[in-house]
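Take a look at the structures listed below.
The same subunit A turns up in both complexes below, where it pairs with subunit B and then with subunit C.
Right, the complex of A and B next:
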C-alpha cells in the first residue's frame, strides 16, 4: 500500500506561478527600487513621497516592458492594471494605519489614572498634564449614548419592522426617506434641534437635547442595519407562527425578533459607533460644561468630542495634548463597540 | 322529533371566520406604522423649522442669499441694521472642496474595490474589508486632527510640487505662496472620509456581476484586465456613480473635519492650493458663537440650503444605487 501512495504524483497546480516566472518580477522590482533610490539621492527631490511617486511609474513601466517582451501586449496591459489596483488598495490602507498609529502615539503620553477621576472645573486646558481630567466628558458621552439608544433603538427597530413585516403601501417611499435621512449632515441635525427645541420649547442646552440631535443621525443607521437582519429571517418561521394560530403581533414578538436578536444588537452597536464621535451637533446643543454633571436634563453637560474640540481650538501644546488623549479614549470606545458588533454579528451569521 | 328539538342546544356556535385583525394586531400595526412614518415626519420638520427660521433672511436678501459673495453686519449711525448676507462664496467653497475629495477618492476607491473583488487573497481581503468598515466609523474630529497634524505637513509639500510643475493650469495657480490650510488639503481629508463609502458600495456592485458573463469572458481567452474592462466595469458603472454621489453627499455636509483643516476666509476661491476657503457647514459653526439674532436666522437659512442640497444629492444617489443593485438580482 505504501508503495502505491509513494507513486501518486503531487497534485499539480497549473494556475500557480512557478519560481521561474516569479523571479524576473522580483528582480525587476528590486532594480526599479534601486533606480528610484538613485534618482532621489542624485536629484533635488527629498522625503518619502518621491519614493512612492517614482516607484509606482518606474516599477510599473519596467514590469510592462518585461511582460510585453516575454508574453505580448495583452499580458503587459494586465500587469499594469493589477499593479495600479494594488496601489489603490495600499493607498486606502495607509491612512487607516496612520490614523490609528498617530492616535496611540500622541494620545498615550497624556493618559493617566487622574484624567479619569478629575473634571476641568478646577483646571484650565493650558495647565500642565496631571491637573484636571475628562471624567465630565466621559460621563456626558455615556449619558448621550444611553439616551440616544433609548430613543433610537425602538424607533429604528420598529421602522425596520414596518418595512419588513407590515410592508404597507408606503413602505417603498419610507425606505427611500430613511436612506435620505441617513444622509442628513450632522450639522443640520444640530441646527434642527436648536431651532425646534431650544428656540421653541423651555428646554435649554443639555445632554438630553443633544441626545435628541444624535438620535436623528442614529435612527436611520439602526433602521437600515435591522432591516437587513430582519430580511434574512426565513419566511417559514413567520408562516409557522401564523399557522399555530398566533396573531401577527405574537409572531413578531415571540419568533421574528428573538430570531434576529443578535443581529439587532449589532445594528444598535453600529448606530452607537456612528454617533459616539459626532461633534457638530453637540456644538449647538450640549452646552459644554467644565464640571461633572450627572443630570442629563438640567444644566449643561460635556462630551468627549466637545472636549476634544475645545482643546483643539485653544491650540496650545498642553490643550492639544489633552485632545489627543481624549481622542484615544474615544477611539478605544469605538474600537470596543466595533469589535463587539463584529463578534456578535459573525455569531448570528454562523448560527444560520 | 325529540332528537331534532334537542340539537340546537348541544352544537357549539361555529366560530366566525374573519380576515379582520384582532385588537392586539391592530394596535401593533398602528404603532409600527406610526413609527414607520417618523422618518418622513422628521425630514419634513427639519425642512420646515430651518426654512421658517430663515424666512426673514430669505425675504430680505432674496436670491442674493444664494448668489451673494458678502457676509457683513454693519449698523449705521441711526442704529439701523445695514447688512448683507449671502452664502455664494461658501457654496462655491463647498463644491470646490467636495470635488477635490471626489477626484482623489473615486479612482482610489474603485481600484481598491476591484482589487478586493478580483485580486486579493481571501485573508488580505478580510483584513482590508474590516479596516475599511472601521474607517467608516471613525469620528470626523479624528479625521480633522489627523489631517491637521499628520497629513498637512506632507500635503503642503505635495501642493508646492503641484504648483511648481503644474502651476500653469489655473486651478493649481496661487496668488501668494500660502499653501497651508488650503481647499486641496481639506479635500484630501474629506477623500479619506468618503473612501470607505465609495469602496464598499462599488465592491457590493462589482461582486454582483453575473458569474456566467465573467466565466464566458475567461472562456474566450480573456485575462483579468480584459474581463474587468469588458464585463465588470460596464456592469458596475451605475453603482460606482451612485456610490460617488453618496460620498459627495457626505463631503458636502462635513463640518468639523473641514473646519479643523481649512482656514475659513469669506471670499470665493477657485485656486485649490491657496490657503483660503470654506464650506457652508463650517461657515455655520465658525460664525455661530458671535452671531447676532439676524445672523442666527441667516445661518439657519444657510442650513436649509445645505439640507436641500444634500437631500437632492442623496436621493439621486439612492435612486442610481438601487437601480444598479436591482440589475444584478
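Right, the complex of A and C next:
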C-alpha cells in the first residue's frame, strides 16, 4: 500500500446523530403527544393550554427514561436539562407567534390602499371600511418617532459616554437617576409634560410636545443599553488611542464610538421599541387630531396608538376593525424601521 | 550548556563566535547570546541621553507598587526590563509615558525626564509627551473599526496632525516597511486589521505607533501572546528600529531580553514594592551580575 495512491477520506460528520439514533426520540415524543391527547380527550380538561402543560412533563419524563435506559444517568440528566430549556424557548416563542399571527389575521381584512390616503376628518370610526383612513395617525407616529429619536439618541448616548468614559462628578447620582427614570410609568411622563409644558408655556398639544413625553421614557432605555455596550469595549483600545497622543475626546469619537457602533444602534432600536406603541403619554399631549397635520410643532396631531385606542374605545365592529388594521400597520412600520437601522449599521461597518 | 545550543534561538542576530569562546567564568547560554550582540553596539554608542527616570515611585491606592527607580535609557539602544510577575515592570513603563494616571487610584512620585524636561511638570501637554513616547501593548489591539491603512495612520487623526495625501501614503508605506509588515499587507491595505494573524496584528500596532514618529517606543511584553515565529519577526523589527530610536521592552522571556537588548534592568519585589535591583549592559547582567538575586533569576533558579 503506497501512500501516494491513498484515497482522500470522504468528509464526514461523525459527531452528528444518525437517523437511527434520532428515530427513538421522535417516536417517544409522538407517543407522549398521543398520551397527552388521550388524557385531554378522556378527562374534563379542555383547550390548548393543557396540551402544552401536560406535554412538558410527560415528554420530558419519557425522554428521560429512554435516555437512562439507553445511555445512562448522566445523559438522562442532560436530556432533562435540554428539554426544560427547549420548553422555555417555545414558551417565549408561542406568544410572539400568536401576537403577530392574530394581528395579521384580524388586521388584514381592513387593510386597503384607501386607509393610507385618507384621514378621519370626513369619516367616523363607525362608518364602513373604505371611508376614512389612518394617514393622519401614521404621519403622526412617524413624526413622533423621528423627533423622539432626534432628542433621545444623542442625549442617551452622550449620557452613557459620560457615565462610562468620563466618569465625571455625579456619575453615581446620574446612574441612579437614570435607573429611577426607567421605572417611571408612562402615564406619569405624559402628565409631567402636560403640567410642565402645556400648562406653563405657549406650546399647546402637538406632536413635538408628545415626543417630549416619549423622550422621557426613551432616554433611560437608550442610556442604559448604550452603557452596557460601551462597557464591553476593551480598555486596551482606549489606552492604545491615548498612548498615541490623542485627547480623551478624540479617542472616544474615533475609536470607542465606532467600535461600539452596532451596539449603539441596537440601543437606539430598543429605545424606539420602548416608545413606538406607547399610548398613555399621548392622551394628554398629542391632541388626538382626526385630520392630517404635517406640522409637528403647531396644531394637534394623532398617532397610531392613539388611533388604536380610540377605535377600541368606541367598540363597534367597524371601529374595532380599524384598530386591528392600525395595529398591523404599526407592527410593520416598527419592523421596517428596525430593518433599516440594522442594514445601515452593518453596511457601514463592513464596507468602509 | 554550550553556546552552540543557542544558535537556534539567536536567529537573525549577528554573532561573533570568538566572543563566546572567550567567555570565562560564568558562561551560560543567556550570557553567550547577550555577548554575541551586546558589546559591539554598546561600545560604539556614545552615552546619548534620551529618557531618564529619577526616583520613580508608584502607588495604587495605598499599595506601594514601585519604589525609587532611577534608570537612564540611551537613544539608539534597546533596554530590556526583566523580573518576575508583579515586580512593577509594567507599572514602571506606564509611568514613563504617563499612562499610569489612567488607573483611578494611581499615585506617583519622582521625575521622568525626556530630553531633560520633566514630563510630570505642571502645564506639560501630556498628549505631546505620548506622541514622543509611543507604546505597544501586550495584546495586539488594532482598532476594530478601521482598515489596516487607517490603523497605521490613526495616530495622525487622533492627534490632529495635518498631512497631504501623497505624504500620508509615503508614511503608510514607510511605517509598514519599518514594522516588517509591508510585503504581507501591501495588497490589502483596505482590509480590516482584525483579519490579520496575531503576530501581524502586533506588527500593525508597532507600525501604528511609528506613524507619529516617536523618540521612544515602550513595549509591554509585546510577544507574550505570540508564537515563536511571530516573536522572531518582532525581534527583528526591534533591532532594525533600535538604530533610530530608544526602545524599552518589558519581557518575561530572558532569552528575548538577551537577544534584543543592549541594556537590561532587573526588577524584583520581595513582598514589598517592586525595586530596580540591578541595571547594566545586557551581557554583563547575564554573565557577571553584581547582585546575587539577579544571578539567581537570570540563571533560572527562581521566578
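Assume the second predicted complex is superposed on the first by the 235 of 352 C-alpha atoms of A that agree within 3 Å, B and C clash if a C-alpha of one lies under 4 Å from a C-alpha of the other, contacts with A are read in each partner's own complex, and residues count from 1 in each chain.
Note that a contact is a pair of C-beta atoms (placed from the backbone, for glycine too) under 8 Å apart; a residue touches a chain by one contact, two chains touch by 3 or more.
Computed from a predicted model, the values in this text were never measured in an experiment.
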item: Touched partner set for A:86, first subunit B, second subunit C, both or neither; value: first
item: Touching partner for A:17 - first (subunit B), second (subunit C), both, neither; value: neither
item: Subunit B versus subunit C, judged by how many residues of subunit A each one touches; value: B
item: Touched partner set for A:237, first subunit B, second subunit C, both or neither; value: second
item: First, second, both or neither for A:247, with subunit B first and subunit C second; value: both
item: Touching partner for A:255 - first (subunit B), second (subunit C), both, neither; value: second
item: Contacts of A:280 with subunit B and subunit C, given as first, second, both or neither; value: first
item: Shared subunit A contacts, counted only where both subunit B and subunit C touch the same residue; value: 247, 250
item: Subunit B-touching residues of subunit A, taken from the complex the two chains share; value: 47, 49, 74-75, 77-78, 80-82, 84-89, 91-93, 95-96, 98-99, 102-103, 106, 154-155, 158-159, 161-163, 165-166, 168, 170-171, 173-174, 176-189, 191-192, 194-196, 199, 216, 219-220, 223, 247-250, 252, 270, 273-274, 276-280, 283-284, 305, 308-309, 312, 320, 323-324, 327, 330-331, 334-335, 337-338, 342
item: Residues on subunit B engaged by subunit A in the complex (per definition of touch); value: 21-22, 24-25, 27-29, 31-33, 35-40, 42-43, 45-46, 49-50, 53, 107-112, 114-116, 119-120, 128, 130-135, 137-146, 148-150, 154, 157-158, 192, 195, 199, 223-226, 228, 246, 249-250, 252-256, 260, 281, 284-285, 288, 299-300, 303, 306-307, 310-311, 313-315, 317-318
item: Parts of subunit A lying in touch with subunit C, wherever the complex brings them together; value: 167, 234, 236-237, 239-247, 250-251, 254-255, 258-259, 261, 349, 352
item: Touching residues on subunit C, where the partner in the complex is subunit A; value: 97, 99, 102, 104, 127-131, 134-135, 137, 139, 141, 143-147, 154-155, 157-160, 205, 208-209, 212
